[in-house]
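What follows is a single structure, written as structure tokens, with notes after it.
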């Protein structure tokens, strides 16, 4: 599986260079600037004591996410959604995906009546922005939860995070399944899949789309296998970032 | 797999009662009122000669879709998106899914510089509205293409449809994979998956989400198997509807 | 008055074929699919215990209506108002007309602090959509009130409906007053009038507009006479639908 | 009919004090500040050579109107529609009524491919704002047409205005039909009607609404008679204003 | 400094003809129709007992302003912001400036928990609309405060207004500083400055912008001197209007 | 002037730590991540050949700017303007200020029919975001112009930038004029002023606002002096950044 070399010299099962700069924003309760190659996403987690009205009194917390792209994150400038006065379908869809992915590893009862909003703003885009966002958002979320614990909004023994979560894109290009597509690969992919996997290796989301020809079960299995392995690597980056961070804030 | 009985008496691998009333709307170039049990979606296909500006002169056509729900399709009334002044994330997401699913079986070169807009309006909702919409939209699309052929906008020998497409939901309830979830089942599902499959049995979209606990590969495989079988049944309903229709319009 | 024959063979004082399918939607507290010829409107009535804030504590209920058209109800497709992000003047105007017409026959004190929202969605349009909507909405409203009574939100002896209400269009074409204009007639009409009349034969709304030459008192009188007779016929269809319905739900 | 005296001392068939200050705005091609008692509406007519794209090349002109109210025209302040981000149903409805009323007396062929937009902004409101707007808008329109003629955009002999048009409200209060309702009367009226009548005494619009009990034919006739007489008086004010104006601009 | 004569015959340090018609609107608690030459702005002040939620319980009042232009205030018609569905940057900016300028002379503690909203609607525009608006708004504000005192919402001895405030534009044209620019001057100005000055001669706002070449300290000083003198003259007009007004309302 | 020490230990005429990371974004034709202490703004310049329709054929280019803040740039989270569906007044006002400031140093004829859009996105806010944005935007603009020159969209000898431009805030706190206010200072300032100055020391914008007591000429002069000196220092940072950059890209 490793003989094909990609535009940027990677093997087909290689992630791009991954970095997670924890605490990049000094205003938020948790934050991370995550890079998957040239894709760079700033994730901030805002902790608020209390929950939206529709959840009040149920003893449960709420985690939600908003994704957006700066106008010049991409190769040509896009009009701002604030200027257009409405949010596009793609933005909505990705925000919802990030929120669901994070909630899958949160015990909202243990969180208590607190709200965490994760903002994922793409500063530079080169493919895989939603998967980088989920991967970085988990780190910001973990820090915001610790902040809430230090401030006594969350019980000292409450285990809010029941697992970790990371995400990666996979796709089939010229018939070959590949991991973590850069933009030039993404536009050529026949099939494009985003996979969200927990630290324990279970699926949270599997979203595969035939961009060109429909795909069969064998191809689907190959993509899933690549993606699960990629997420396991991302989990190590998350663990390392959170370990450093602990020292930093100590 | 068939001993468990569901709330409505179905086996776990049974579709609900499916009906496709072709030509229900007499204004559109193609239309179908599709029912999956109590879910009822009106699909209309509007054919226009010409393409949006960004496609002009490329010799290719365009197929797109818009999904919406009447305010009282559901058990309690929802405010209209026109009144709220913006379209929700869920609506956007489903519209995009339907459009992608249909384009996967269309040869846009063979379509020529023509545009087909498919509107899928949910008149009554009981789970699986997006999958019913895709299944009905295919029938409306097929009729609109025939209309374009009769009107000479499409060449007599152009094979615009390279395959058929249908969709169904599957999910895991109490640990058991089940086909075509009704609303009461959908809300209880631990994992929820929408599968879009062509007439030849290939995947166009696979969208699985862990609503409760994350799922493993074995569960994923079971769901895919159920969904592929369900889509094959739906394909037979589509074929029957289009056969009748041909006589009707003859 | 009966020698002129119209495009569809009707006499000038004939309604088109009228059907009222009560209970077409199984989610709403009241519903009717009403047809005036090829015009088809789905009316649903949503009953909620309680009233908007501005009415709270006054011991009165509220009845309101929203009218909309599916994008392909008409001969060529119209953009969705939800996509445009705003509701057009015509939509607003008709929604307000339907709401006023229904409130004219409702004793809001007898209704108690309950709210009924009537949605009138035009599935297919061929002229007279607002008059068909009012006529069908009355049936949906009557059923929603009965639902409220069964659920004890309304007193057993409260007479909420003080009369029935129906509506029809009339117009002058080639100098001749005609009843219940189809779309091809409507566009040719010199004068166009919508008349809303109670079961007892009193006027709720009279909206006459000179589309071509202004009209005189004699023409106005002729139109009013035709419209009142048409509404009396529509009232019989309403009575029949509600009678059937009673048996059906018994 | 003249023994009942109203709150402001008028007889039931009296207009309030009417003034029409022609040319109040020195930027517009035509303008009038019209008062019906304390109701004060600034009407400006903007003349543009050319027509909207959908009319181009048809040799016809276009006349349209926009109605709005200043936030503190009324007794308590209303939020601006620009701030709310959308135009209310009432505003839309009245704008459409004014536009239709003016077009009823315009020969768009004689106008040629020119556009006139009439803005009617209510500076102070005390009932009857839409009828005052129509009455003043006619004067602004007449001046804008003369401006177009002087600038040679309209042929010297083209008779663009085929009649004049004015409007007045009538209503039934305590069972008594009355002319030109002030706000305190308007809120008490059982039936409320707006009548738009040409200089020759023909109807352009008749919009009657039962606010309380439905009305019968005899009441309708009484209201129409009062309204036609009121419009004839308003026509005299229009003629006087335009006569003065001619001298003023001479 | 007085040898240069301007298009309208003024000296460079002359204001245009200023008029302030107090109480022009009979609905508002305070109002003024202010003219700076052909610029005409209707200012109304709406007094409400109570404050916005975010201020509740702090014992302080709130003063805010909204600025807008009628579509045909200017030489060619502008689309309404209500129709466009959003407020432009210029409108926002001027509304904020007016609000800040008024608050600078209000003791919000003395005002008590009351809200005054000032609407400044430009009926006719010929340069300097924001400065005319501030100057007129002060008069409307003063009257609304007196109204609040008469109604006992404000204590008899509370000194709510700690100073008066007026504003004027100044600019450099062909190298020459000039006072109170008319539109034809404004578009030619190299530097444009709006100066808001209290009755005691102190600055509330200084907003200078290089439209052409940047300016130096000497030019800035010359403009400030002209503006301060102009505001002193405007203060006399305000005093005169408020004096008259007192008699009028007595 | 240097004895008072501020919260962060600065003298009253000290800037905070200033950094300008040129080329931070690799997608844009010019970019800079600028920091004034904890205020961090990402400025990107997007170069497009061609101009907006209203400028076409005039032989001139166009430079404009958009300012925005990430939701968690500030101490507590703000809702996104894209989610609210409209841009606030403050955002509009600052975008306009940045655009005007940059245009003041651009010769649009020398730029030719090219458009440069500068996006200034505040990633972290601690006072002075608009002045940091202007200062960084100039660097991004300079690079985008060089890009246009290399790509031959701009003539090799065209001198597009006729000067440099920088901006700084000044304010009076406890009666003392101070340079470059951090957020904690900004909220306490009695007078707040933003000054935009060219490299040659001329004023482009002077915007002074009395937040508390109005200010006099002497205070105004002291603030201007501080601001001019601060802008001269910022100009040195810009020169240094652009010098480095040249080597980097060489």
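Which chain is which? They are A, B, C, D, E and F, in the order written, and residues in each are numbered from 1.
Criterion: a residue touches a chain if its C-beta (ideal position, glycine included) is under 8 Å from a C-beta of that chain, and two chains touch if they have at least 3 such contacts.
Note that the structure is a prediction, hence the values are computed from the model and not measured.
Trainee: Along the graph of touching chains, what's the shortest path length in steps from chain A to chain E?
Mentor: Step count on the best path from chain A to chain E: 2.
Trainee: Look at all chain centres (mean of CA atoms) and spot the one farthest from the centre of chain A.
Mentor: D
Trainee: When the CA atoms of chain C are placed over those of chain E, what is the turn angle between 0 and 180 degrees, to the nearest 5?
Mentor: It is a rotation of 120 degrees, to the nearest 5.
Trainee: As a quick test, compute the distance in whole Å between the mean CA positions of chain A and chain F.
Mentor: So the centroids are 33 Å from each other.
Trainee: Please report how many Å separate the Cα centroid of chain A from that of chain D, as a whole number.
Mentor: The separation of the two C-alpha centroids amounts to 60 Å.
Trainee: From the mean C-alpha coordinate of chain C to that of chain D, what's the distance rounded to whole Å?
Mentor: 29
Trainee: Give me the residues of chain B that touch two or more other chains.
Mentor: Those would be 85-87.
Trainee: What sequence of chains forms the ring when you start at chain A and head for chain F?
Mentor: Around the ring, beginning at chain A and stepping to chain F, we get A, F, E, D, C, B.
Trainee: In the complex of these two chains, what residues of chain E are touching chain F?
Mentor: By the definition above, chain E touches chain F via 86-90, 92-93, 95-96, 100, 104, 163, 198, 200, 202-210, 213-217, 220, 224.
Trainee: Which residues of chain C touch chain B in the complex?
Mentor: 25-28, 31, 38, 42, 44, 46, 48, 66, 68, 70-77, 80-87, 91, 117, 119, 121, 123-125
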